[in-house]
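Below, chain A partners chain B and then partners chain C, in two separate complexes.
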Partner chain A sequence: MAAPVLERVTTGPGRRARRRPGARRRDHLIGWLLIAPALAYFLIFLLYPALSALYYSFTDWNLRTEASWVGLANYADLLFDDVKYPHFWKSVSVTLQYTLIAVPLTLVAALAQALLLNAIRRGANLFRLLLFLPVVTAEAAVGAIWRWLYDPQYGLINTLLGLVGIPGQNWLNTPELVIPALAFIAAWQCGISMIIYLAGLKGIPGSIQEAAIIDGAGPWQRFWRVTFPMLRPTTFYLLVTGVIAALQVFGLVYVIFSGNGRSVTGGPEQSGLTYVLHLYLFAFRYDAMGAACAMSFILLVFIMIVTALQFRFVKQEAA
Partner chain B sequence: MSRGLVRGAVVAALVCGLAACGSGGGGQSDGKELTFWMYQDRTPQAGQVMEQVRKDFEKANPGVTVKLVKIPKDDYNTKLGSAVASKSAPDAGILDQPLVSKYALDGTIKEVPAGLITEADYYKGALDTNRANGKLYGLPQDQTTVALFYNRKLVPTPPKTWDELKQVAAQVHAADANVAGMNVPKGDGYGAWMFPGIVHGAGGEMVDDAGKKVLFDQPPAVEALQLWVDLQKSSPRKITDSDKPFENGLAAMTISGPWDVPTIKEQFPDLDFGVAPLPYKSEPAGNIGGEDSVVFSTSKNPDLAWKWLAFLANAQNNGAVADAFGGFPVHLKAQVPAGGPEQAAFLEQLKVAHARPAVPQWIQVNDEIIAPAIESALTGKATAQQALTDAASKTRSLLGWNG
Partner chain C sequence: MRRASIYVALVLLAAVSVVPFLWMVATSFKHGPDIYTKTPSLLPLDKKTGEWAATLDNYAYVLDVGGLGNAFVNSVWVCAILVPAKLLIDALAAYAFARIPFPGRDKLFMIMLAGMMVPAITLLVPRIHVTQSLGMFDSGWGLIVPNIASVLDIFLLRQFFLSLPGELEEAALIDGAGRMQIFWRIVLPLSKPVLAVVTITSFLFHWNDLVWPLLVTNDPELYTLPLALQQLVASPDGGRAYYIMAGATLAVLPVIAVLLVFQRRILQGIAFTGLKG
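Moving on, here comes the complex of A and B:
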């Protein structure tokens, strides 16, 4: 119902001719009214909470009593007081490791899937659907399934490894294996990146590939000399957004290491205690909302620095 | 006409948007509606029990509507904390035992009005979990404890002492290398919660909260942790880390609570298991858990809310209510709903169960200090003594205690 109406208002040929004085102001009003819901949403649910969090990061607050101003104490304690926050730096290191493994793995998986999908004609839609499914599956279900896949006794992964003679591992309970195991799940969920890569591939003019073929380039050369450089803007975009997402990983770790009576202490020896999980625990389990707010702003600043560095040092233009 | 349609659409969108923003409060306009927050029903039967009690209460108090809001246990404290912060807490709700003193000291919950209940009618241990500064801030609703679950096929007679426990576990594992003797608790929050029950079994204490002393670096606690370390020899993690090792017959024994009994019976009808009190070293002991119920200070109908909580905890209802919550009655005269043969073990265990330390930061100590210490001993990165000495000194620093 709305679509044809909008079309007539904005692009209908008759309107411009019938415009009367004062119509411009009315258009402004309608414009403001149209964006009002989005604006209200932004102000109430994004800006106000963010500014509140900034304020509370300078306070000692347990959600229930009045917050008391402590200045920079939360920031200083988080960074330097390992009695109050014994696992802060551990959570930083866990998150960095996760990011370093998960982001490249996701990009490689997404690009590989996109190349395969781009190459086939028959059944492409079916495969696109299947490869995208992990993205739309509820996080809790993903956690449950992967706990089962990684199971040291019944897990499909150990069974498959056993077929090629690799001994089974206790994936989610061996500190050294927890991060790679989580990163692998992230790569399995690469559907969105895959779709974006696919769009990028579709955008490469066929003539360039043809020219490369005429010049005698093999498939390998065509990938490294033509396709990959042409995808550089896509890769850059996925790298930046992927790093931001990986630094904030929470849901996956939470469902993998909680539920079923397990408590959310972040896996064996805190090996899966990611930064945001640590933040969550202080916010809602240990009653330190002020410190949790401070953690979120430390993360914000860190993400801004990392993103700025990527814009400065990573090539973004297609070549 | 088209312009009218646009305006209509814009107005409709605005109204929808604003209505969505404004409806968070859950307003109680007539003053006769009572909102009660609780955990999601464990079983369909539990839901029926709560529904019946709600109807009975509404019948006894004409014009009153009780609204039961059921929230998954994992999200409960998060949601409650947010609700309290935004001044939209319910009239009353369930509160996990260690949180009552925190909420009370903050003035978030109301003190129990004098004369609401006869204190002597209740189990002292369960009632005491509602106290802060000597005053009563809530009513207990159920109490629970953990005990030893054993697979009858693998363990004909449950062990009573630590030595027997180690012996039985070793025998089971020796008979079949693919079966673990015991699903030894891990160094996570859950394992750290169960640990004090074992420490008490060696005659020890975790802390002396009145004297502000940390005691879990003393011999009883070290021996308790050493027991878990020793048990691992006959209970490889590779087996016990799999999904439901006890239920699947891969671990001969495990420690769990009454909440697991119906689940196991329903999902693993073929498993022949029994429940026995926890093995001990020098004295029978265990730990206590359970739910309390409180009235929030923002409640518009506190009197009615207290009446409802007392109704849940009275002699007539508490048996069924406690059972619905997954624990045992807190009212001395309440009928314990007839349970299976497992029940006797839990009831015996409750008699010797100890409440957890009344230290406001205990959850953090449990998760962040004791759990990693247990884990480092279990993985052999430190001895039990080293791990606990280190953990105790960290706890002293965190709490600001000298002893």
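Moving on, here comes the complex of A and C:
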């Protein structure tokens, strides 16, 4: 805490003692005034919503009427009543599958790009910029572009696959292909992870690589024995944040599977019905705000557990 | 030899990254029938004669009938108000948290940081409810006020302010300068790099944001660009690739321009911030 330190300094001898009296009390006032807008925002749009979401998760509520207390019924119904919430577990499974495919795919793509970029000098900035381009693109535009790329008849993906003799697929209308197709888009947008990996690579002292070369290690050995272990903190960070983001994937899926107006279904046989898309439907299409709040707390607890497990079981420190 | 293979791999990866955009732009200039071809063309060519046949009709359609012109203006307005206001509020708070001692400051800061850990989705439903209670639902205010500060930005700015040398400030204090004078004349000018990062990432986030405008607006007059584009994708009439690609091009172009102009700052900034709101 800084306050007592300053008190001692302002009253004691030395340069700072010459500040005018009353400056400390005025500092308190100015301090509170400066944080007041941010604090108001925090209380109104963060703390209050967080607490009220918890409260509403125990109620039956549709935004328009009074919320009525139902205790744990929302939680119990979501988890166990597959007549009332037939797609809850489906959305859980879709989201887990997406996370398990998209996160590793993104990390591998990002690391590969970072390694390649780190190995060249000329043109590195240009390539970095081009590889970063997909990240700054709005998810609405990404969804729109990829719907067109995945078009079964005229899409570029099928045409390119045709060139190497692979038969075209109806990517976004075949239940088994929906998650891989979405995960590929995520890997296409790996630019942020790529930049962070690149920063990690720059942080590895050249002397370690040189020592490995002198010891006769080939490129493959150097990667697995030196580079990758040194990048462990970076990988751990990207893994934790990547999993948290993947478990909440929404906008892209919403654009791709929003279909005609109000009839969002989450893709063929709900194969693209991610957890948050399902939550959105309950909150804003089916007027079940209480259930949606309960869903968001189930997700919150799940994210905390998964994150804790990663901290417990994944190696974080550089070797 | 090894060097050459690295470049080949990079060119292929860059192509995967960029070709979708080239195809988007090409499609946006094509006449309807010309986009349905067996062999894809990156140039707007006439399907039958193979001659150059670019058109601006798709843009005219989406800007007018598709409502993207109006949405573009809305997006510009929202960003023009939201980004500077947010930067100011965040910087003032960050300065107080970093430099002005007052009782309870550090505890309060820890509480705000803890609040940041709650996933955005948990807050969405009640945040809409709060926005409604404040009478801002389905209004321009609703697009701006509920996003007017960011705990993460306050955190980043505070870290930077802490790293500034304290001597300048102390000298100014002794010379009788007020806190606000120090903030405007000394701290902000020294903080241009981090202010730039926060401004650019905020702009990108809010320009691209789909979810909040989707939830807080009903009136098509208020739609921002991502939302109008999503509506275009979803509409049975506009769901045609040449319209949608024209819309997507309109949404992406300003962002590409910002990326090209500020690439160094953005890419440096990402290494320590990630891209966020």
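FYI, the second predicted complex is superposed on the first by the 274 of 319 C-alpha atoms of A that agree within 3 Å, B and C clash if a C-alpha of one lies under 4 Å from a C-alpha of the other, contacts with A are read in each partner's own complex, and residues count from 1 in each chain.
Keep this in mind: a residue touches a chain if its C-beta (ideal position, glycine included) is under 8 Å from a C-beta of that chain, and two chains touch if they have at least 3 such contacts.
Please read all numbers here as calculations on a predicted model, not as lab measurements.
Visitor: Using the superposition described at the top, determine whether chain B or chain C touches more residues of chain A.
Guide: Touched residues of chain A are more numerous for C.
Visitor: Using the superposition on chain A described above, determine whether A:Leu34 touches chain B (first), chain C (second), both, or neither.
Guide: Once the two structures are laid over each other on A, A:Leu34 reaches both partners.
Visitor: Quick one: is A:Thr265 in contact with chain B, with chain C, with both, or with neither? Answer first, second, both or neither.
Guide: first
Visitor: Which of the two partners, first being chain B and second being chain C, lies in contact with A:Gln248: first, second, both, or neither?
Guide: second
Visitor: Now for A:Leu63: first (chain B), second (chain C), both, or neither, which partner does it touch?
Guide: After superposing on A, A:Leu63 lies in contact with both chain B and chain C.
Visitor: In the superposed arrangement, does A:Ile44 touch chain B (first), chain C (second), both or neither?
Guide: both
Visitor: Could you say whether A:Ile192 touches chain B, chain C, both of them, or neither, answering first, second, both or neither?
Guide: So A:Ile192 only meets chain C here.
Visitor: Looking at the overlay, what does A:Phe132 touch: chain B (first), chain C (second), both, or neither?
Guide: After superposing on A, A:Phe132 lies in contact with chain C but is clear of chain B.
Visitor: Is A:His87 touching anything from chain B or chain C once the two structures are fitted on A? First, second, both or neither.
Guide: In the superposition, A:His87 touches chain B alone.
Visitor: Quick one: classify A:Tyr286 as touching chain B (first), chain C (second), both or neither.
Guide: first
Visitor: Does any part of chain A touch chain B in one structure and chain C in the other, and if so which residues?
Guide: 2, 5-6, 30, 34, 37, 41, 44, 63, 147-148, 151, 153-154, 258-259, 261, 284, 289
Visitor: Under the stated contact criterion, what part of chain B meets chain A in this complex?
Guide: Touch residues, chain B against chain A: 2-3, 5-7, 9-10, 13-14, 16-18, 21, 74, 77-78, 81-82, 84-85, 102-103, 106-108, 186-190, 193, 237-239, 241-243, 245, 248, 250, 256, 361, 363-364, 367-369, 371-372, 375-376, 379, 394, 397-398.
Visitor: For a test of understanding, state which residues of chain A touch chain C in their complex under the given definition.
Guide: Going through chain A, the ones touching chain C are 1-3, 5-6, 15-16, 18-20, 23-24, 27-28, 30-32, 34-35, 37-39, 41-42, 44-50, 52-53, 56, 63, 112-113, 116-117, 119-120, 123, 125, 127-141, 143-149, 151, 153-154, 156, 159, 188, 192, 195-196, 198-199, 241, 244, 248, 250-251, 254-255, 258-261, 276, 279, 283-284, 289, 292-293, 296-297, 299-300, 303.
Visitor: Applying the document's contact rule, which stretches of chain C touch chain A when the two form their complex?
Guide: Against chain A, chain C makes touches at 3, 6-7, 9-10, 13-14, 16-21, 23-24, 27, 35-37, 39-40, 89-90, 92-93, 95-97, 100-103, 105-106, 108, 112, 115-116, 118-130, 132, 134, 146, 148-149, 151, 154, 170, 173-174, 176, 179-180, 204, 207-211, 214-215, 225-227, 229-230, 232-236, 241, 244-245, 247-248, 251-252, 255-256, 258-260, 263, 266-267, 270-271, 274-275.
Visitor: Which of the residues in chain A end up touching chain B in this complex?
Guide: Residues in contact with chain B: 2, 5-6, 8-9, 30, 33-34, 36-37, 40-41, 44, 62-65, 83-84, 86-87, 147-148, 151-154, 168, 170, 172-173, 258-259, 261-265, 268-270, 281, 284-287, 289.
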